[in-house]
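In what comes next, chain A is part of two complexes: it sits with chain B in the first one and with chain C in the second one.
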Partner chain A sequence: MLFYSFFKTLIGQQVTVELKNDLAITGILTSVDQFLNIKLDEIRAVDDAKYPHMMAVKNCFIRGSVVRYVQLPASAVDTALLQDAARREAQQPTTGGAH
Partner chain B sequence: MTEETHNAPVEPNAVEEPLDLVRLSLDERIYVKLRGDRELRGKLHAYDGHLNMVLGDVEETITVVEINEETYEEVIRTVKRTSEMLFVRGDGVIL
Partner chain C sequence: MDNFIPQIFTTSASLVDSVDRKLLVVLRDGRKLIGVLRSFDQFANLVLQDTIERIYVGDAYGDIPRGIFIIRGENVVLLGEIDLDKEDELPLRQVPVEEILLAQREEMEARQRREKLKNKLLHDQGFSVDFTETDLY
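Up next, the complex of A and B:
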């Protein structure tokens, strides 16, 4: 649940999502869920020339399992708070997501 | 049938399980090996049981092997990229 809460704090920020198939998409984070599925608005493929087939697409939903990385602006992250939350999370391991 | 009872850690630092050891590395620079011949070096800000992580000031190294068809020699190149802040999904992490 830690990263779900973390991403909720980033809603509205511009992020770059790199997928496992090497496609990189930049957009504004509008929504996230417990599986870390991501919805992005105003998207742009990072390397337009390489991936032209997204030109008509403005918004997208990305399944969490196909994400490799999400690049974030360092200014949006409170590292002390994150580290603190991670320490607490580690003491109570949760398997999967609770419904 | 035999029943196993699991004792939950009473104190925060009582039991040293692998994830507890990772906890000691918070705010330290770490090395992570990923699937796809990728490696990351960065400062660990957060992690969870899936090994999802947030790293700061990361350098990613991708190892590419190119084979020259004519001479059959293998040329190993590495590509490096950097990010200020990167979320890494746990299912790609090997080491």
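Up next, the complex of A and C:
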């Protein structure tokens, strides 16, 4: 739940999602769900020439299970708030846990 | 299953807006399928109609008509909405299926030769090379 809430605060920001197949996509985060599936708008594959199939695609849905990293603008993150939330979550996990 | 929040109560990354649209689906084995999304579920299992499998090699691509697909969600990497205008302006040329399959095989053989050479060089330098082709994406 924590990261789901965290990503919700980042909706509207430009992020870069790096997938487990090494494809990196930059776009504006439009929505996220409990599985951390991500929807991006106005996307651009970081290495255009290597991934021709992405040329005609403007927005996409990325399954959460294939994400390796999500790169965020540092200015969009309140690290103190995040640390606090993580501390609280560690003491009392809300949902999820072992899958 | 009790731990899952019902989708209606979340700002869900729902696929309901993508239904009946022409989508590109990238699978974990590296395949690119283009078809009309008809249905989905919480696992991102998909039903795709009028699907074609598009193979890209270099600056060319070829299409294989496949019909109706039911895709198990765990194999899905991403779904992209195809911009029909941008699709017409692609700098790629379409070639017949046989040609693209040939080109694909050549590309794969070239890649395997490079890998083999690389592994041999590493091995000669004393590195252990345990390369297994599993989920190649």
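Please note the rule applied: the second predicted complex is superposed on the first by the 94 of 99 C-alpha atoms of A that agree within 3 Å, B and C clash if a C-alpha of one lies under 4 Å from a C-alpha of the other, contacts with A are read in each partner's own complex, and residues count from 1 in each chain.
The working rule: contacts are C-beta pairs under 8 Å (C-beta built on N, C-alpha and C of every residue); 3 or more make two chains touch, one makes a residue touch a chain.
Just so you know, these numbers come straight off a predicted model, no measurement behind them.
Chemist: Put chain B and chain C onto chain A via the superposition and say whether they clash or fit.
Modeler: clash
Chemist: Just checking: does A:Lys20 make contact with chain B only, chain C only, both, or neither of them? Give me first, second, both or neither.
Modeler: After superposition on chain A, A:Lys20 lies in contact with both partners, chain B and chain C.
Chemist: For A:Ser65, decide between first (touching chain B), second (touching chain C), both and neither.
Modeler: both
Chemist: So, does A:His53 touch the first partner chain B, the second partner chain C, both, or neither?
Modeler: The second partner, chain C, only.
Chemist: After lining up the shared chain so the two structures overlap, which partner does A:Lys8 touch, if you call chain B first and chain C second: first, second, both or neither?
Modeler: In the superposed model, A:Lys8 contacts chain C only, not chain B.
Chemist: Applying the document's definition of touch, where does A:Ala85 land relative to chain B and chain C: first, second, both, or neither?
Modeler: Only chain B is touched by A:Ala85; chain C is not.
Chemist: Under the stated touch criterion, which partner chain does A:Asp33 make contact with: chain B (first), chain C (second), both, or neither?
Modeler: Second partner only, chain C.
Chemist: Figure out whether A:Ala74 sits in contact with chain B (first) or chain C (second), or with both, or with neither.
Modeler: Only chain B; A:Ala74 stays clear of chain C.
Chemist: If I apply the document's touch criterion, which positions on chain A are contacted by chain B in one structure and by chain C in the other?
Modeler: Shared contact residues on chain A (touching chain B in one complex, chain C in the other): 20, 65, 95.
Chemist: Where on chain C does chain A make contact in their complex?
Modeler: Listed in rising order, the residues are 3-5, 7, 10-15, 18, 24, 26, 28, 30, 32, 44, 54, 56, 59, 61, 73-74, 76-83, 86-87, 90-92, 137.
Chemist: Please output the residues of chain B touching chain A within their complex, sorted ascending.
Modeler: Checking each residue of chain B against chain A gives 9, 12, 19-20, 22-23, 26-27, 34, 45-49, 52, 54, 56, 83-89, 91-92.
Chemist: Can you tell me which positions in chain A touch chain C when the two form their complex?
Modeler: Per the touch definition, chain A meets chain C at residues 8, 11, 19-23, 25, 31-34, 37-39, 43, 52-63, 65-66, 95-97.
Chemist: Touching residues of chain A toward chain B in the complex: what are they?
Modeler: 2-3, 6, 20, 36, 64-65, 67-74, 76-77, 79, 82-83, 85-87, 89-91, 93-95
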